[in-house]
Amino acid sequence: MWKDKAMRLLMLSAASTSIFLVALIFIFLMKESAPFVLKPGLGALIDRQWIPVSFVEEHFGILPLVTGSALVTGLSMLFTIPLSVLGAIYIAEIASPVEREILKPFIELLASIPSVVLGFFGLVVLAPLIKNLFGLGTGLTALTGALLLTLMAIPTVITLSEDAIMSVPRAYKDASQALGASDLQTIFQVIIPAALPGIIAAIMLGVGRVIGETMAVLMVTGNSAIMTWSPLAPVRTMTATIAAEMGEVSFGSMHYQALFWIGLVLLAVTFVLNVIAQRVLVRYGMMK
Amino acid sequence: MSRRRSEQITYFLIRGVMYSIVLVIGYILFDIVRHGLPALNWAFISEYPRKSGSEGGILPAIVGTLSLLAGTIVVALPLGICSAIYLSEYAEQNRFTAMIRLAIITLAGVPSIVYGLFGLGLFVLFLNFGTSILSGSLTLACMVLPTIIVSSEEALRAVPRGYRDASLALGATKWETIRTNVLPYSLSGIITGSILGIGRAAGETAPILLTVAAFYLPRLPKSIFDQVMALPYHLYILATQHPEADKVLPLQYATALVLLLLVLGLSLGAIIIRIHFRKKYRW
Amino acid sequence: MVETSPFPADTEHVITTSKVNFFYGATQALFDITMDIPGRRVTAFIGPSGCGKSTFLRIFNRMNDTIAGTRLEGDVRINGEDIYRNGSNVVRLRRKVGMVFQKSNPFPKSIFDNVAYGPRIHGTHDKQQLAEIVEKSLIRSALWDEVKDRLESNALGLSGGQQQRLCIARALAVGPEILLMDEPASALDPKSTIRIEDLIGELRNEYTIVIVTHNMQQAARISDYTAFFYEGHLVEFNATKKIFTKPREKQTEDYITGRFG
């Protein structure tokens, strides 16, 4: 019996590491970024300029990075939401069983393509295409990044939306059809509204994924830290900034701390998105 | 009649959306295979790079990625499986369990670059492992842990309750029951899910950027405290930092193809394992 | 309630319970059940679904322990030993008290490994010895002739009735004194049911058998004593013949004549 108790304790400790890890992540990000609060102070982050290395005056304003991330994420959601929801409807309600068995692994396949490979594809195929299409000086734009991010968000959003659609009780559908509604009317007037909380949660998790995505945007968005809302301008996201600059900073410098602050903001945003999405799923009984 | 017609158009549009997605995925894969295959040969995967990657092969990057994978598996697999066993077999519905679940969900949502920062702060600097295979593997292990836990728990829960009851009723202890009558049947699911998660880690760049990856290091690692090259980082460097990026385009494609083959190969392996075990245990 | 004891004077009571209350969380499932179950006899529990008969059965080998949030009050003794006292050894208890479940649940292993599972868990690893136990148990459960040539094939390839007899063999292999059966034939076809009933008849002189059934004919056919449960209460417990011919309680009569449930 002592062995039984020991094993339980072992499993319990293993399971506790997750809690421990989350705490460690928050603690270490805060620890590394903390001195920034004293000098130059948090106010320095709220600046329209990000010029972390300068002989004249350094600026650690993360606003252009935040708008960069927001622009790319917003644009990509513009594509992701309709594509994924329609895709999920197709897989869940329209596709034949055989089709479904083929389509689902295919979507999973997309999820397992490394982001650096997608970024590379974006760099050598998509960017020249965008450049020529819009007659731009460079194809490395917010739009290019958004299109790649769409490819990355689609598997998450389709899969979770499909789960949501599948979780709608069969009886709703039967009732609607018994009233003489066509299949399409049933889908759009009964099933989608009933699955909406799950779909919204799916979109939120997709947004979380897109905001945190690094390599693809680093490679194709042009990386210029300028505040803009133009889809055809080069931008720089929060994630790309960390990835591009962390390799060259001296550890402990203000620049280093500022990069950790960006990390903290990213962590906070994705944490909130995740928690809300889970709440929605639990509340509407759509947790698997 | 017109309603019918408009419905047909709508169906056509939805199907069009789905298949355009499929087409795009297909095209990306096709493009990489088409351009990557000509440059891919035995020398490319078995030789060291020369002239900062402009010539030669990618052996150190392959070995680097494989050693990172091995390290990730060694750390994350036992931890993930044990966590899943706790959640599926022991956990009661209480605050503590809810906290574990929240933690797992949180870990799953943490952006990969933030894992990189965390790994840099904890493993590289605080624990003084330096930029090394050890730091990189630990960072990747943290990242894949939630995937392994979730898929393993699902696999454990799929084992019918009756097996547990029968085993307990025969006088087996809880742990004996889990070891002999739950784990063996769920192993295929656990391995499949874990490989899918770990395969994704193989393709990740952001977490290793700050914790292990070397820009150019034409030799093999000797210990877990060595830096290594890694396939995804190598591709990134060749594609964006190389002074003559256009000239090495075939090498970039070939590297992308090798990385893709590795990741998809792992996924395929997982699926084969799943099929093999499904034949063995059916209920 | 019991005016004259239904048991012969020399009856040995193997399981005795006194004022047992049982709770699932805040819901009380059993109320003040006091009952003595005779050794080497077949005792049947009958009653409508949800009356608590299965819950009561699972108290005897503490299988309810595996359900979170359950609680027991009162005294449960097997051979005079309080099985719920602190420090009581559940593993030893379950070796002594075997169980056969409603849905046959052979492990997805070979027939041999299924039967050998219990003995192995309890430390028997000698091949010769295991083979003997397996053979003996399969003969006891009337399955030997059907499976002796394919002991290594997967148990899931057996028919439903065979699977259930395998589960009985698996329980017997541990060498229990008591066999608990939770509607063991409810998922089987009539022919397989008869085989199980015959088997129970053959085991009745060696084991104390407690069987839960919703099939009253079955209770009447195979049991020596019958207990009728209703909404968590033990309504009546008597010799099976008495219960089915001259029930003392109105509720029992209504149930066995099919007026409810």
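Letters are used for the chains, namely A, B and C, taken in the order the chains are written, and counting of residues starts over at 1 for each.
As a working rule, contacts are C-beta pairs under 8 Å (C-beta built on N, C-alpha and C of every residue); 3 or more make two chains touch, one makes a residue touch a chain.
These numbers were taken from a predicted model, which means no experiment stands behind them.
With centres taken as mean CA coordinates, the chain nearest to the overall protein centre is B. Comparing the CA-atom centres of all chains against that of chain B, the greatest distance is found for C. Here the spacing of chain B and chain C, counted between their Cα centres, is 48 Å. Measuring from the averaged C-alpha position of chain A to that of chain C gives a distance of 55 Å.
Inter-chain centre distance (chain A to chain B, centres taken as mean C-alpha positions): 18 Å.
Of all residues in chain C, those touching 2 or more other chains are 91, listed in ascending order. Shared contact sites, meaning residues of chain A that touch two or more other chains, fall at 1. Contacts with at least two other chains are made by residues 173, 176 of chain B. Within the complex formed with chain C, the chain B residues making contact are 92-93, 160, 162-173, 176, 180-181, 185, 280-283.
Within the complex, the chain C residues that touch chain B are 61, 63, 66, 68, 91-95, 98-99, 101, 103, 105-108, 117-118, 121-122, 156, 167, 170-171, 174. By the touch criterion stated above, chain B contacts chain A in their complex at residues 3, 7, 10-11, 13-15, 17-18, 21-22, 24-25, 28-29, 31-32, 78-79, 82-83, 85-87, 89-91, 99-100, 102-118, 120-122, 125-126, 142, 145-146, 149, 173-176, 178, 196, 199-200, 202-206, 209-210, 232-233, 235-236, 239-240, 249, 252, 256, 259-260, 263-264, 267, 271.
By the touch criterion given at the top, residues 1, 3-4, 7-8, 10-12, 14-19, 21-22, 24-25, 28-29, 31-32, 82-83, 86-87, 89-91, 94-95, 103, 105-121, 123-125, 151, 154, 182-184, 205, 208, 211-215, 218-219, 239, 242-243, 246-247, 251, 259-260, 263, 266-267, 270-271, 273-275, 278 of chain A touch chain B in their complex.
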